[in-house]
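Submitted below is the structure of interest, expressed as structure tokens.
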Amino acid sequence: MSPLLTGMTLVLCVAMIVAALLAIRDPSPEVAKTDTGGLPIAILAAGLVSLIASILFLILAAPDVAMTEAAIGSGLTTFLFFFVLGRIRRHETSGDNHD
Amino acid sequence: MIDTPLNLLGALLLVAGAAFLLLGGLGLVRMPDLFNRIQAGTKATTLGTLLSLAGVACLQPDWGLKLLLIGLFILFTNPISSQVLARAAHRSGVEKSSLTSIDRLAEDQGAQP
Amino acid sequence: MMPSIAQLAMATGFILILIGFYGALTQRNLLRMIVAFTLSGTGVNIVIVAIGYMHGRTAPILDATVNAADAVSRVIDPVPQALVLTAIVIGLGVTALMLAYALKLHEQRRSLDIAKFTELKW
Amino acid sequence: MVEILVYLAATLVGLALLLALYRFVKGPSAADRVVAFDVLTIVGITGIVLVALAEGRGIYLDVALVYALLSFLGVIVIARYLERGL
Amino acid sequence: MIKRFIALTLLLAIGGLFASLLLGYTPDSELNQTARYYAERTSPDIGAANIVTAIIVTYRGLDTLGEVTVLFLSAAIVGLVLALGGKSGKTGRGTVPVGELLTTGTRYLAPLIMLLGVYVFVNGHLTPGGGFQGGAILASGVLLLLLADPLKRFSHVLIATIESFAGLLYVLIGLFGLVLAGGFLDNRFLPTGELGALFSAGAIPLIYSLIGLKVGAEFASMLASLSESETS
Amino acid sequence: MAKARASVLLFATLLGFWLLLNGSLATDVLVIGVIAALVITLLFRDSLAVVSEFRATPHALITAPSYVFYFLKELVRSNLRLASIVLSPALPLRPGIVKVRTRLKSRMGRLLLANSITLTPGTLTVELDGEWLYVHWVTVESEDVDAATADIVNGFERYLEVMYG
């Protein structure tokens, strides 16, 4: 069923490139006023790229890599980013009270 | 693949599941606000995935146990994540569609913050 | 002519590397730069795995469908996969370190904008 | 016949993925994108199962299990972030 | 603006390089010599069904030991950097309570997730799983517990003990291989067994389980130190 | 006593999960499974109260399959209804969040109830607060608490009450 896999690859590649462009898009000025503004979307988009990449790895006959990418590249990396983002946001809000 | 009745049934189930997934995607695009989108997303994709898993189980009976496990896992976790997300969205004040007729939760939280 | 799966994947990997570089070079927010770095990493991994792909062959795991006797003619190159597996894990370690430093910098300066970190400018 | 139906199913799944991607790009709020992310992962599970079917390798299904776990955890982490609980 | 222009020129150059690489690429039709050796010799010599696992744990076992060490170092540095100079005590956490649905769901799901992680690393030689993936899943289970109860404090002593015991045993098994079989980290001091059974491939399941525990503990300590240290 | 029962239940659940995962009953699989399930049971022994809430009476065991059957029927029905809404050009919505009451006391029962509500016709649990559930409804039919409760909750509660109480 080679045409099936090729078609799926094509769709996944397009989705990955769109998500990657979303991840590095310049934030609009009013969003970028705070340090964390607009960042959740960028992180989520990067996580999405990893997620789709792991299906691509599966099509490329590399299930080990697919599983690692899903669990580590997409899962844990995104979680770490959000933990850090949460802590930075807490600094920001508490900093506003101090200054 | 050979056209045995079981295979045919499996393929039909697979197509039905994929159709429900597409419906979920369509609902995600068409619905006017977040809560309605969550509704469309959760329900249609859960049933769609379950049906396509059942279809594949008919096509490849050896994989039945693992497919059953995936199905059970999705059936249990998907609603929980939707509910947690809906709660978070409501708390962070996502705007609701103008069609919304009543919001008892906001009323109750306004009364006793 | 229809492009093969490997070529499609490789092209996507290259494009991802470029997108990631562009992001890392033009963004000013530290966290956004780290996001761009992870994108580049994903692109590199895709390229390496795609190089190892061979049309019409299957994953290097022996089971009922691929028995040990004809493994040589049925499976694809396992070496790039082992390499990428290691690379992904180390990538997480690197990302975690970068994030910890970014967090510490933000704690000291209350900012993530690299234009505000001027000590090392020349 | 079976093969044609499988192709049809794969096309529908691809369309669903593109629709969810449209919602992911469009937004407007972060929570909307999270919903789209959730739908994308679940569509991805069906995609993985289809790849396993096309290649005829049952061991690929383990990846789908990890995916199911991931869609749950990811959404919960982001939801906790959005409600300022992280 | 000029910065953007320079960046784009640079990218154009790299992109041209990539394009020439892509156009000149011709896929192999046969395995190269190394890959052919691994594909032929893995099942009679090592007894593992998953050739990638055989490469990671046995053929290139020393590299994996180094990799685990690098991970350990990075986890330690993350913990150290976050602990440096922070004023502890003040907690800004717990302002938003966790919903009942999530806590109840966690009680049920966390053990199952842990078991899934164990499955993934114990079956590393048969399925696409392995120690790193399984460790990540274990850490995800810990993360779920952290999310459901933000005030929970994990016992760092427990994590550190698991981590160092797993590392110690890993090296010890490597030495066993050196003494009883062909070399450091050789898996054949245990019987290789029948291809496809759980108890096969010599010491690979044992080694990969230890790697899984160690990696899981490392990731968990990373997550815990990021979520706990209440600085500023 | 309750704790011991909970531990046994969790152990059995984990072992069942393990066997489903492996799909074989070979000796080595069983040995590893028993060891892993034991270790995890010991690790989680402090938070086990939830697990023991299932009433293993004969009546409950008979009710469980009919609950599953009813649930699947509702799931399909809800999807067909959602399909008709999404596919109709006018998008006939009347969304709103209503409040309903549940009689269930056990936490597991309430979780299952909320999950069931989320997966069935046009409703999504937003918040669970004691005996009150706040439910988002795509087409609000009754704003009154009792009427909404009768509409949304009672179908499932009938079964869950027997199983969990």
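By written order: A, B, C, D, E and F. Residues from 1 in each chain.
The rule is simple: a residue touches a chain if its C-beta (ideal position, glycine included) is under 8 Å from a C-beta of that chain, and two chains touch if they have at least 3 such contacts.
Computed from a predicted model, the values in this text were never measured in an experiment.
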Query - Chains touching both subunit A and subunit C - result: D, E
Query - Interface with more contacting C-beta pairs, comparing B-E to A-D - result: A-D
Report summary line: Distance between the CA centroids of subunit D and subunit F (whole Å) is 23
Report summary line: Expressed in whole Å, how far the mean CA point of subunit A lies from that of subunit F is 31
Requested in this report: Between subunit B and subunit F, tell me the centre distance in angstrom, where each centre is the average of that chain's C-alpha atoms.
Outcome: 15
Query raised in the report: Do you know which subunit A residues sit against two or more other chains?
Result: 5, 59, 61, 63-64, 66-68, 71-72, 75-76, 79-80, 83-85, 87, 91
Report task. Going through subunit B residue by residue, note those that touch at least 2 other chains and give them in order. Result -> 26, 38, 42, 46, 66, 69, 76-77, 80, 82-84, 87, 91
Query raised in the report: In subunit C, what residues contact two or more other chains?
Result: 4, 6, 11, 22, 26, 53, 55, 58-61, 63, 76, 81, 85, 88-89, 92, 96, 99-100, 103, 107
Query - Chains grouped in pairs wherever the two touch, ordered by label - result: A-C, A-D, A-E, B-D, B-E, B-F, C-D, C-E, D-E, E-F
Report summary line: The subunit E residues in contact with subunit A across the complex are 50, 52-53, 92, 120, 128-130, 132-133, 136-137, 139-140, 143, 219, 222-223, 226-227, 232
Query raised in the report: Taking the complex as given, what residues does subunit E use to touch subunit C?
Result: 3-4, 7-8, 10-11, 14-15, 18-19, 21-22, 25, 27-29, 31-32, 34-36, 38-40, 42-44, 49-52, 55-56, 60, 63-64, 67, 70-71, 74-75, 77-78, 81-82, 84, 86, 126-128, 130, 132, 195-196, 215, 219, 222, 226, 231-232
Report summary line: Contacts from subunit B onto subunit E in the complex sit at residues 76-77, 80, 83-84, 87, 91
**Report entry** Complex contacts: residues of subunit C adjacent to subunit A
**Finding:** 2-6, 8-9, 11-12, 15-16, 19-20, 22-23, 26-27, 29, 31-32, 34-36, 38-39, 42, 45-46, 49-50, 52-53, 55-61, 76, 81, 84-85, 88-89, 91-92, 95-96, 99-100, 102-103, 106-107, 110-113
Query raised in the report: Which part of subunit F faces subunit B closely enough to touch in the complex?
Result: 17, 20-21, 23, 75-76, 78-79, 82-83, 86-87, 91, 93-99, 111, 114-115, 118-119, 122-127, 134, 136, 138, 140, 143
